[in-house]
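Letters A, B and C mark the chains in the order given here, with residues in each chain numbered from 1 onward.
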Amino acid sequence: MKPSMSRVTRRNAMGLLGLVGASAIGAAAAPALPPPGAIALAAAPDHQHDGAAPAAAQDQDGPTADEMDAMHEAGVKAFPAQTKGLGGQPLPFTLDGDVKVFDLVCQVVPEWEFMPGKTVEAWTYNGVVPGPEIRVTEGNKVRVNVSNELPESTAVHWHGLMVPNTMDGVPFITQPPIKPGERFTYEFTIREGNAGSHMYHSHHNAAAQVTQGLLGPFIVEPKDPATRPAFDREYTLVLNDGPIGGFSLNGKGFPATRPLTAKKGEKVLIRYMNEGLMIHPMHLHGMPMTVIAQDGYLLPQPYRCDTLNIAPGQRFEAIVEATELGVWAFHCHILSHAESEHGMFGMVTAMIVEE
Amino acid sequence: MKPSMSRVTRRNAMGLLGLVGASAIGAAAAPALPPPGAIALAAAPDHQHDGAAPAAAQDQDGPTADEMDAMHEAGVKAFPAQTKGLGGQPLPFTLDGDVKVFDLVCQVVPEWEFMPGKTVEAWTYNGVVPGPEIRVTEGNKVRVNVSNELPESTAVHWHGLMVPNTMDGVPFITQPPIKPGERFTYEFTIREGNAGSHMYHSHHNAAAQVTQGLLGPFIVEPKDPATRPAFDREYTLVLNDGPIGGFSLNGKGFPATRPLTAKKGEKVLIRYMNEGLMIHPMHLHGMPMTVIAQDGYLLPQPYRCDTLNIAPGQRFEAIVEATELGVWAFHCHILSHAESEHGMFGMVTAMIVEE
Amino acid sequence: MKPSMSRVTRRNAMGLLGLVGASAIGAAAAPALPPPGAIALAAAPDHQHDGAAPAAAQDQDGPTADEMDAMHEAGVKAFPAQTKGLGGQPLPFTLDGDVKVFDLVCQVVPEWEFMPGKTVEAWTYNGVVPGPEIRVTEGNKVRVNVSNELPESTAVHWHGLMVPNTMDGVPFITQPPIKPGERFTYEFTIREGNAGSHMYHSHHNAAAQVTQGLLGPFIVEPKDPATRPAFDREYTLVLNDGPIGGFSLNGKGFPATRPLTAKKGEKVLIRYMNEGLMIHPMHLHGMPMTVIAQDGYLLPQPYRCDTLNIAPGQRFEAIVEATELGVWAFHCHILSHAESEHGMFGMVTAMIVEE
């Protein structure tokens, strides 16, 4: 007896893979999609799956076993589900001399669709959750114009960046709050040694404003790429557990999360950023991660794991060698953040490794 | 004034040590029990303990100081309390050619005794919580026949193992669910480099099924033992915080937990596995631990600590040099997981170091 | 457009800095205070802060934007607020031959002021939360006389210290409880290799007694200072989340917390100790920390971060190079432990770096 590759239905493969091309957040280039059927899914060969057939109905209030399975299946088949709005995409800048100028508008989005058909009022940068990705390089001069169209005051903290004190974004300590209708300009030079995965978010009424969506990735490239481990492809995962999408990855809950795709043999950099109020131990199936940086700083000794615990405010960078073909579950291992009897939800996505 | 060894009552020593021989989970060999009285307990010499005697009664709803002390004392004297059922014991296998064949039956246990006289309905592998320990060696070919006698569908994920995608155990992504009454066969070869402490557990309706008991240790021995640090004795601690025993170590709450015993000078390997929904910082009194592996992977630089924080899904391996004689408390340092005014409970055990 | 230093009002600077001299817990020497106005606070130059002025009133139950800002401002201006009682100060000892003798009295404080005007009943060592700092050196002989004036029994555990089993402080396992009105004497020699940041706390009804205040820092200096990284100044931060002050740093919630001050260029050692029931990822703005020790043990490879996650029972030592001038927010990054719509509270303080 030897396992063989499973059958795959066209519907499965389309549902799981059809939207992959649009899904990479921060990926340098969208991968070629595998042809339908190239990824084996869901149905085992008969010799591995036998026995008495019909599921015993549960004489309880909850769903029967078959009803439960149907809900689980529907969720997986819907993945990656299309929803309106996609956060974390690169923010264009203009140049004022040698200064890179970015614009952020703090604004309410009345209906942020975090799961198919489910919406919530979000407080956003530029209308998306997470806010757009700001990406610059060590040594760059950066200016960010922030306009506040919210009904509350706000301020932006550059979490992880070494900036002058007056640019640190803490109302009444380093600046006055940016009142509704007002603007504030942040300006600083990215320090050498400050490369890595950072964040920007509100630092005013922050327990509410950040969890409602005022957060975004701020990535600093090294001036000399040789100073950091090489990789072929990268993804950012902003973790949140607030009212926006409940348990979410990049502002969406499963099945509206985006898969991470890679070609076999590629090195995939994953940038974890926890903007929530709880820890989230992220577990990747199939392949270990090598953790190379914490809060942007390279670890003197990278270590391997398959479940990486990320606390609020922390960022980790990990590299996965995509050696194993297939669709691999990738989720928070606080299981109640990822699955209920109605199926997987929240902090669940997949890494898809193709030939 | 100099401390001297405390008196010990025979009843204390018997209560605390009488069941040690049967308690080691995964211990290579049961240690010889110390003679009653060899471990000093509970009563201090008079010159260290004096002053006004009778405890002031508390004029409140809660217990008086004396009532509280009596409850605490009763708990400690009952330790290690005998209860029905012991999980995590080695699972025998048969050989089919060069394939090691294991059998797991998913079944409901209506009354799992997690504390003396306290039972709960458990969902189990082979009738015990944690499920039996599967232990193999790098390079081994492994087959696991899983029969589902539960009222719900299920599937088994080999948490930490690098298996072919079709064997990964995630319904509708890598296989159909195993419906009630059905069987499924998992088969894979243990990869070189995948040694260490892993787990197997349900990946279907998992927030419920795992916390109800569908979990077990999966340990991979290195092909070449010289590749990992040496030890004299080992214990596995599966942490859980679900409905089964509430806060539990290996499916039992104090005083029904089992102590870890060692002879002075031995190196004790502890395999921590968190199958719960919360972090558990495990604190060993008396001696530091040296953390050598995370999620099975050897750390490039082991580090020492006395309180090791384990998040859901994580495994750590730590070595304790049993240099200090005595009975040492060993518990989760989220104190509300370990003690109430009624005494110690839940995630509490002891390490006993004997001459 | 270039940021310039902000204006500062005298009231701001006085409010923020006026009490600094009395605030250092465990600081080797109080720093000279900066002159009022030397630290730039709160008001941005006009060219950075413009736009439509009056904040839109929120037509809701909550405060308006202006009301919210006023509450935030009042909190910051009150910092560091004076309150009655200061814990964590060095505990004097007497010498009995070559034994350092300390006295601890467990006593109820009916009104522990954890925020200005807010009090709670605390259970304390010597009337303060945290208990006084015990500081000794490797190789020292130590005796601690503990008197129990509480309405409950208690016992003291020396968390992190390698002591003889009879001195470990766990009722019914290593000693009888110290009943109300009784005394108990602990005596042990500090082991070589046991230097670092440790704690003492109740180990009886501990979930209640510790969170109510029966906790304190126990610091062991190395016999040879050259064995540990050098620093110029040090602070201890005891984290708690119990009924005493709710989310607190050294027994006080913001704005009654004390800032950490340093002169530019100094190396500041921070000793984190978590005595609560939750994790607390502490985030320092402006400068990274280098983590050098865990649970007292030097890390073989120190690492840098800006957000350090500390679990209950853990201690970390980190060194901050105070390279950046200004007042830097320093807080738990579980934002709900640090800020509400009424302003910052709880686990918030600041690091102030002066010329």
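The rule is simple: contacts are C-beta pairs under 8 Å (C-beta built on N, C-alpha and C of every residue); 3 or more make two chains touch, one makes a residue touch a chain.
Because the structure is a prediction, the values reported are computed rather than measured.
S.K.: If you check the contacts of subunit A and subunit C, which chains show up for both?
M.R.: Expected: B.
S.K.: For the copies subunit B and subunit C, give the interface type as same if over half of its residue numbers appear on both sides, and as different if under half do.
M.R.: Counting which numbers both chains contribute, under half are shared, so the two copies meet through different residues.
S.K.: Using the average of all C-alpha atoms in each chain as its centre, how far is it in Å between subunit B and subunit C?
M.R.: 34
S.K.: Using the touch rule from the top of the page, what residues of subunit C touch 2 or more other chains?
M.R.: 279, 301, 309
S.K.: Touching subunit A in the complex: which residues of subunit C?
M.R.: 1-6, 40-44, 47-56, 58, 65-66, 68-69, 72-73, 75-77, 279, 281, 283, 285-288, 301-307, 309, 324-329, 333-336, 338-341, 350
S.K.: Where on subunit B is subunit A touching in the complex?
M.R.: 96, 143, 147-148, 151-153, 157, 159-160, 162-168, 170-188, 203-208, 210-211, 277-279, 294-297, 299-301, 309, 311-314
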